[in-house]
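Shared between the two complexes below is chain A, which has chain B as its partner in the first and chain C in the second.
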Partner chain A sequence: MHYFRLYLQFIKIRLTSIVSYRGSFFAGVIAQFLSYGAGFFATWLLVKAFHELNGWTPYEVLLLYGMNLFSYALAAFFFFNLAVDIENLVISGRLDGILVKPVNPFLYLICNGFNVAYFSHISLAVFTMIICFRGLGISLTPIMLVMLALSILGAALIHAAALVMTSVPAIWMLRARFSDILYWGMREFINYPLSIYNRAVQVILTFILPYGFISFYPAQLFLGKEDYLFHPSLPYATLPVGLGLFFVAYRFWRYGIDRYQGTGT
Partner chain B sequence: MSYINVENVVKEFKVVRREKGLINALKSLFHREYDIVTAVDHISFTIDKGELVGYIGPNGAGKSTTIKMLSGILVPTAGRITVDGVIPHQNRKENARRIGVVFGQRSSLEWDLPMEETFDLFQKIYRIDDRMYKRNVEFYVELFAMQSFLKRPVRQLSLGQKMRAEIAVALLHDPEILYLDEPTIGLDVVAKNHIRQFIKRINSEKKITLMLTTHDMDDIEQICDRIIMIDQGKLLYDGFLQNFKEKYGGEYTITVDFAYAEEGREVDPRLQLVSIEGQRKVYVAHRSVIETTEALRYFIDNFDVSHLNIREADIEDVVRNAYVKG
Partner chain C sequence: MRVFSGHKSQSTTILFFILFKLSFIKAFQYRGYILVTLFSALLDVFVRISLWTALFRANPVVQNTTFHDMINYMALTGLLMLVQMSGVDDRLANRILQGSIATDLIRPYSLKLFIFAQTIGDNLAHFLLFVFPVYTGVLVLFGMRFPPTLLHGLVFVATVINGAVISFLYYYIIGMLPFWLESNWYVRFVNYAMFTLFAGAFVPIWFYPDFLIQISYYLPFRYITYEAVTFYLGRTGLPAMPAVLLRQWVWIGILLGLEVALWKAGQKKLTVYGG
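Coming up: the complex of A and B.
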């Protein structure tokens, strides 16, 4: 309840500052639209050219893109500032300012990080997913809709876990660009069906960096795909995987803060 | 048991050793060597409720590190700290509720927000009940004369106004202790004086235990009852301001530009010559031996002087003195 009130207060503050920097806000929204719109079209054109990828039609592949973008936008909406701004917070000393307040720093940073810019991602992603289901003539039953919502929640938690985990080295002022590249680079893989890659990539994206659960596995469920990898139950596993990973990421982040308090670096 | 207890506290930092040159840079990719820097070195002191303590020392003495340990941000490497019976870093949130902290060199305010709304935000952060909130906002707006800039975004405030705002916000939840880290840094003389008056009033009217770090000798003389002086992490002095001044203060430097080379002429032995640079000579004296006015008159009356400059001892001089006198 405390953090909910705090969150509302920060939303009010962010909206007020949007009013005072209107130009920059709209420029940002347009830029985001253009860059993600370009990604959308690139995927679309590529799939159109191939007609199908390993039995996946263009709309089906585009759904992967939509689910990836939607869940990423949800995660980034809450966690982007926490993850990307942490280095600044440490350097400027604002992290110390948060640690002298009677608040959980993780929740405080989520509240503080309200970022309207992600509404453009979310609307683009929803638009993409609607196009796909329509184009494929699939109408989701209420149960499937619930499954879709839970899968997207799980996928968002996977994205969030990745954002949070890769930000921990920054708390210690180690510029770990390597982990960023790992994260942002791997994200591109999952815009295409996992079944087109070789075994090694499939193993990595399922068991090591389980991004496959963001779009490929759950999409199999909604599209009635049967090109199962490893085990036919994996399409249902997105939410548990997301919860598990996020829990680990949160513990790791807390460990990062504890070590910061121990070393002060 | 005192209110704030610091027993044999040590804080060490591990710093990556950087050596010059490409080869060394490549080496450090695989193997890093660390230097251990001791920022706080076996410091002990106690502070009672309601005291106003100046925690002083030159830059890099370990003042901020101590404040960070007291406020629960940093964990001591060794030793023990308790604040009102609580170990700050172990009960960080509980400790945070009863302290206010202001870091002079960084802001805790939202840049685009006017103070009116910043107060609202801090009410939510500290869960301050409405009655206390209203009473404190009124009290501090009045005390810090903030009425004129309440509605302006923080980014448009002057440095002095910003510092008043920082202190007001840190006091909103009625903390029992206020830590001020360099509260007058960068301010002009008038603004410094204001802040000093406010600090004294908070201590006397609100009975808040106050610890401030500074390296400004005027801050020390004008506000503090008690001084704790550290240098290179070690405690050099802990006692009343009066004794401190008698022991280490009172030294001043006079720089004299003589109109002619005054070769061979004897100067009053109470003025100790420390350097000569052409026609410019620098003397050091002590107030207990010769007052500044007397020294000035002495030069003007007895010599043809084109320029005179007097400088009071600053914290570096005082620390140097403390080493000399032990």
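Coming up: the complex of A and C.
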């Protein structure tokens, strides 16, 4: 409860800062909407020109984009700044100040890092998903809607876990950009059905870096796809995978903080 | 104020080479960065090759295009990143936003040439380190195509040079926007959208529905590299050649006029706070 009130305070401060730069905030929202929208539209046009991508129709592929962006935006809302700012906090020594505050440093950083710019991503993602379901003539039953919400939650946790984990090397001042690539570079893979890749990539994206659970596996469920890989129960696994991964990421982050040495600044 | 003051062409050449060398040295400083960028470029190409493989699995020829055509299109478009002058806009914009433009305006060199040299240097370093190895690798692996006739090849070279000029002017104009805007971080997103849709950066324009193709003719983006690549691949016949070159020159004229006008207006608008 205490954290919740603190969080609301932080959000209020952030929103105030937006109001002071209203013009550039809204220009930014529109620009980001356009940039993702153009990518979505180009992919849709491409698959439409070919009629299908490995048995997936244009709207079905677009749904993968939508689910990926929606869950990413939800995660980035809270965790983007945590992942990106940590390097500066360490170098400037401000992390020391945060560690001695009487709040959980993880929660403090999340609260403080609330990133409002993701409103545009979320609105585009929801808009895209609605277009897809309408275009496919699929009306989701209440149970399916709940499943969708839970899958998105699980997918957001997977994104969040990846963001949190990639921030740990920065705590140790290792500029291990390689961990960033594992996340930012691999994200591109899951905009298309996992079934278009060779077996090795499918194994990696299912069992090692389980990004397949962000969009491909859950989308199979809502689209009634049966190009199952590995096991037909995987479309239901997004939430458990997300919870497990996030737990591991949080432990790893705490482990990282316990071994934080400070720069002496 | 005239930025271009009397200078010998010799000193300009020297300046050019010094800047060029500097950006090269800078790129080689960060070995970790090189590895990581190379790896992500490889991932990116891998995803796109997988995508094209899957798309052509059902039909080997779609709209007169084969898998082999697409691989060559992708690699050529990638290699022509060399003449994409992105970076020009940020260099100019940052000077305006931070106010250092004030000193640039009184220095005895051409700001435009200075930014051009810096950008070419960075581009070439980037090209040699990442773009060239990755895409020549792709071409060696899948088989490289050559222009159908020598004339196609010559026209290709001419359109690439024109495209580079268009690209430079376009980004230079974009870089001037901070004369009128309080911040410009979002401009890159609009640029990205335009290049994705109208430059054929990812999907060739020939796959588009007709209305989008029509729109693309009224924007400068397809004249940067797309027209050149279609010549190289022999998709555009030689009879269309004069029209394409003419359109490129018209765009160069329009952008040049716009650049001069905006530069004049911008300097009147410019306020740099003292400090």
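Basically, the second predicted complex is superposed on the first by the 257 of 265 C-alpha atoms of A that agree within 3 Å, B and C clash if a C-alpha of one lies under 4 Å from a C-alpha of the other, contacts with A are read in each partner's own complex, and residues count from 1 in each chain.
By definition in this document, a residue touches a chain if its C-beta (ideal position, glycine included) is under 8 Å from a C-beta of that chain, and two chains touch if they have at least 3 such contacts.
Keep in mind it's a predicted model, so treat the numbers as computed, not measured.
Superposition of the two structures on chain A leaves chain B and chain C fitting side by side, clash-free.
Contacts of A:Ile257 after superposition: neither chain B nor chain C is touched. Contact with neither chain B nor chain C is seen for A:Leu243 once the two complexes are overlaid on the shared chain. Looking at the superposition, the partner that touches the larger set of chain A residues, chain B or chain C, turns out to be C. Of the two partner chains, chain B is the only one that A:Leu6 touches; chain C does not reach it.
Look at A:Leu221: by the touch rule set out above, it reaches neither chain B nor chain C. With both structures placed on the common chain, the touch criterion links A:Tyr197 to chain C but leaves chain B unconnected. Of the two partner chains placed by superposition, only chain C is touched by A:His51; chain B is not. Contacts of A:Gly97 after superposition on the shared chain: chain B is touched, whereas chain C is not. After the chain A superposition, the centres of chain B and chain C are separated by 90° when viewed from the C-alpha centre of chain A, nearest 10. With chain A used as the common frame, the shortest Cα distance separating chain B from chain C works out to 8 Å. Within the complex formed with chain B, the residues of chain A that make contact are 2, 5-6, 9-10, 13, 16-17, 20, 92-94, 96-97, 99-104, 108, 261-265.
In the complex of the two chains, the chain C residues touching chain A come out as 32-33, 35-36, 39-40, 43-44, 47, 50-51, 53-59, 62-63, 181-183, 185-190, 192-194, 196-197, 202-203, 207-209, 212. Partner chain C is touched in their complex by these residues of chain A: 21, 23-24, 27-28, 30-32, 34-35, 37-39, 41-43, 45-47, 49-54, 175, 177-178, 180-181, 184-186, 188-189, 192-193, 196-198, 201.
Of all the residues in chain B, the ones that touch chain A in their complex are 11, 13-15, 65, 68, 71-75, 89, 92-94, 96-97, 99, 101, 103, 105-106, 108, 110, 112-113, 117, 120-121, 124-127, 153.
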